[in-house]
Amino acid sequence: MGKNRLEAFSDGVIAIIITIMVLELKVPHGSGLQALAPLLPVFLSYILSFVYVGIYWNNHHHMLHAAGKVSGAVLWANLLLLFWLSLFPFATGWMGENHFAPWPTAFYGLVLLMAALAYWVLQRTIITAGSITLGHAIGRDWKGKLSPLLYVLGIALAPWSPALAQVVYVAVALTWLVPDRRIEKALAGAAD
Amino acid sequence: MGKNRLEAFSDGVIAIIITIMVLELKVPHGSGLQALAPLLPVFLSYILSFVYVGIYWNNHHHMLHAAGKVSGAVLWANLLLLFWLSLFPFATGWMGENHFAPWPTAFYGLVLLMAALAYWVLQRTIITAGSITLGHAIGRDWKGKLSPLLYVLGIALAPWSPALAQVVYVAVALTWLVPDRRIEKALAGAAD
Amino acid sequence: MGKNRLEAFSDGVIAIIITIMVLELKVPHGSGLQALAPLLPVFLSYILSFVYVGIYWNNHHHMLHAAGKVSGAVLWANLLLLFWLSLFPFATGWMGENHFAPWPTAFYGLVLLMAALAYWVLQRTIITAGSITLGHAIGRDWKGKLSPLLYVLGIALAPWSPALAQVVYVAVALTWLVPDRRIEKALAGAAD
Amino acid sequence: MGKNRLEAFSDGVIAIIITIMVLELKVPHGSGLQALAPLLPVFLSYILSFVYVGIYWNNHHHMLHAAGKVSGAVLWANLLLLFWLSLFPFATGWMGENHFAPWPTAFYGLVLLMAALAYWVLQRTIITAGSITLGHAIGRDWKGKLSPLLYVLGIALAPWSPALAQVVYVAVALTWLVPDRRIEKALAGAAD
């Protein structure tokens, strides 16, 4: 399987996920400004998820760039990641429509957690398939290891204080907003 | 018609199918955990269909890789396969929302069967169009010939025991989870 | 503008159109076989539209293959075609849900007609932009000229006999099922 | 990050946006011609938005063509633009279903404004990342600077006369219908 086709397919799926999330923003029936008010939580959830999916798209690209061979295991690990990403629209909609209620907030964190674990599995699978570059690039991978722990923290906080859980989710997103320079650096080093 | 464009178009359609299936997971109105409970069958159906579409994407890629010329017949056989795959979201939703009731389960098997037959037609069409590589690669093609028979068995079981039918569908999926190594092998052999 | 990007974008839009049409096949609430019965007309409409969009995708590819420069006019003529194709899901759904009633059938014909005219405009624009190959290839273009007339006939028949209108729509689709060999031939000739 | 993948991903998202907008054209329940009448405003909104998204796709392509390196900042500026474009289906649906009422019309203008500002930010980011070609190409960029002002005018007019606001939105679209010849010229000049 060519890396290109895996990349193109993943791009396609991620592009669709990031776009159909907006369908959860249901057109309101009234024509006054106040008709928009109940949509605000859905809109905020949408922004957060848009940023998360954008982060995944970006890091996914860097990771595949450093990948070598695409084995069957890599392919299925990639589909596992896409599976969890595909639940973002649902989790976003449920959290937004319930105004960040405890359980939907915890569930959102669970989807974040599963996507992070699937990303980690994909990373290990690519390294196992022989990408020394990626192995070097991620180094100790503290962001990759810390994020799932923080999501667990967010999930645990959600039933007591959904607001605190949101703070955790937003904070993790912020640490990832910067593209993974480690891989870029390692690739540049390899090119020297 | 270039093979690349056929591949890109098929990838696009498959990426959309695999993603819009998740729209059948309707956001529930309640905010408690129990609001998720009725969605469990839909979620399980979604997982099964996600795996099936992933299998088709994967094998489709390997098959096209071994294809030679893309004739008009290949193109329409490919569209026939995409047509049946496009019914996965519907069949998945109907089966999930009715908690694996007999008829929806049988119907799901029918869609699996038709997709398998369309895949087989596409395979024959590509071989007829002149791909000796693919002809060698698939060999006796026992998996390709056995699967439709098992789907028929599943359909026949569904009215009596939908659970048994599900076992059949899951079992067939498991036999396909491994990408088609025969084609990979034949291609590698051709490259020697 | 590179031809490749125009092709990729059109492929994307057409892939989405052909796939979201299936969303008009709403999952029924009952779990018996009889729950599927009212969906039959929607399903038949879906098949017809799937074939039509497949035809457009196929011929569009052949046409662009013979295109030379992609001018701004070509680009907007292409968007005009995509616009009318994007109304297929709506027209299909309306016709199917109303069991091929007169007005929805006429409206479906109107969308077919507008798409055919947009296709013709795109063809002229590409030839004007300097593609001699395409000009030679289409020759007298009797299929391209006859189809709109037949759609007009179908629209006129629809209020009196929607069934006859359907016969016309299906018949035109059949004449187009074969990819446009004229262009293939002219290209092969140009390659000699 | 390769420019190609950024382009392909953006194309995918834009193709989906332009296509799912049509889902706001809900299939009416009646089968008479009069069932279509209430959809006319939605249809007109759809046309306007289709043209706008087409314009963005077109200009986006020209802009990326003149881009040099794709830095992390370019990537996120691009995602910001896609974010605002992704709100077109919502804004279009709200405006259309409320028959161009004042607030939905103002909101539509706001989305137009934010997309225009995001486009401008992306442009500046690409120039900052080192594209001298793009810097030369856009020159004084009067269209890019005037459009946001006109959108502000439209938003301000909407509460008093939504019709006038529409005139403004349509007029701005018309000035952009022509692809950005400045960049084409500058690129041609650079090729000399």
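Each chain gets a letter, A, B, C and D, in the order it is written, and its residues are counted from 1.
Please note the rule applied: a residue touches a chain if its C-beta (ideal position, glycine included) is under 8 Å from a C-beta of that chain, and two chains touch if they have at least 3 such contacts.
The structure displayed is predicted, hence computed values, not measured ones.
*Asks:* If I superpose chain C onto chain D using their CA atoms, what angle of rotation comes out, to the nearest 5 degrees?
*Replies:* An angle of 90 degrees brings one copy onto the other.
*Asks:* How many angstrom lie between the CA centroids of chain A and chain D, rounded to a whole number?
*Replies:* Distance between chain centres: 26 Å.
*Asks:* State, to the nearest whole Å, the distance from the C-alpha centre of chain B to the C-alpha centre of chain D.
*Replies:* Here chain B and chain D have centroids separated by 37 Å.
*Asks:* Residues touching two or more other chains, restricted to chain C: which are they?
*Replies:* 8, 12, 16, 20, 23
*Asks:* With chains as vertices joined when they touch, what's the shape: line, ring, star, complete or other?
*Replies:* Basically the chains close up into a ring.
*Asks:* Which stretch or stretches of chain B touch chain C in the complex?
*Replies:* Going by the criterion above, the answer is residues 1, 5, 8-9, 12-13, 16-17, 20, 23-24, 72, 75-76, 79, 82-83, 86-87, 89-90, 93-94, 97-98, 101-104, 107.
*Asks:* In the complex of these two chains, what residues of chain A are touching chain D?
*Replies:* 7-8, 11-12, 14-16, 18-20, 22-23, 25, 27-29, 31-33, 35-36, 47, 50, 54, 57-58, 61-62, 177-179
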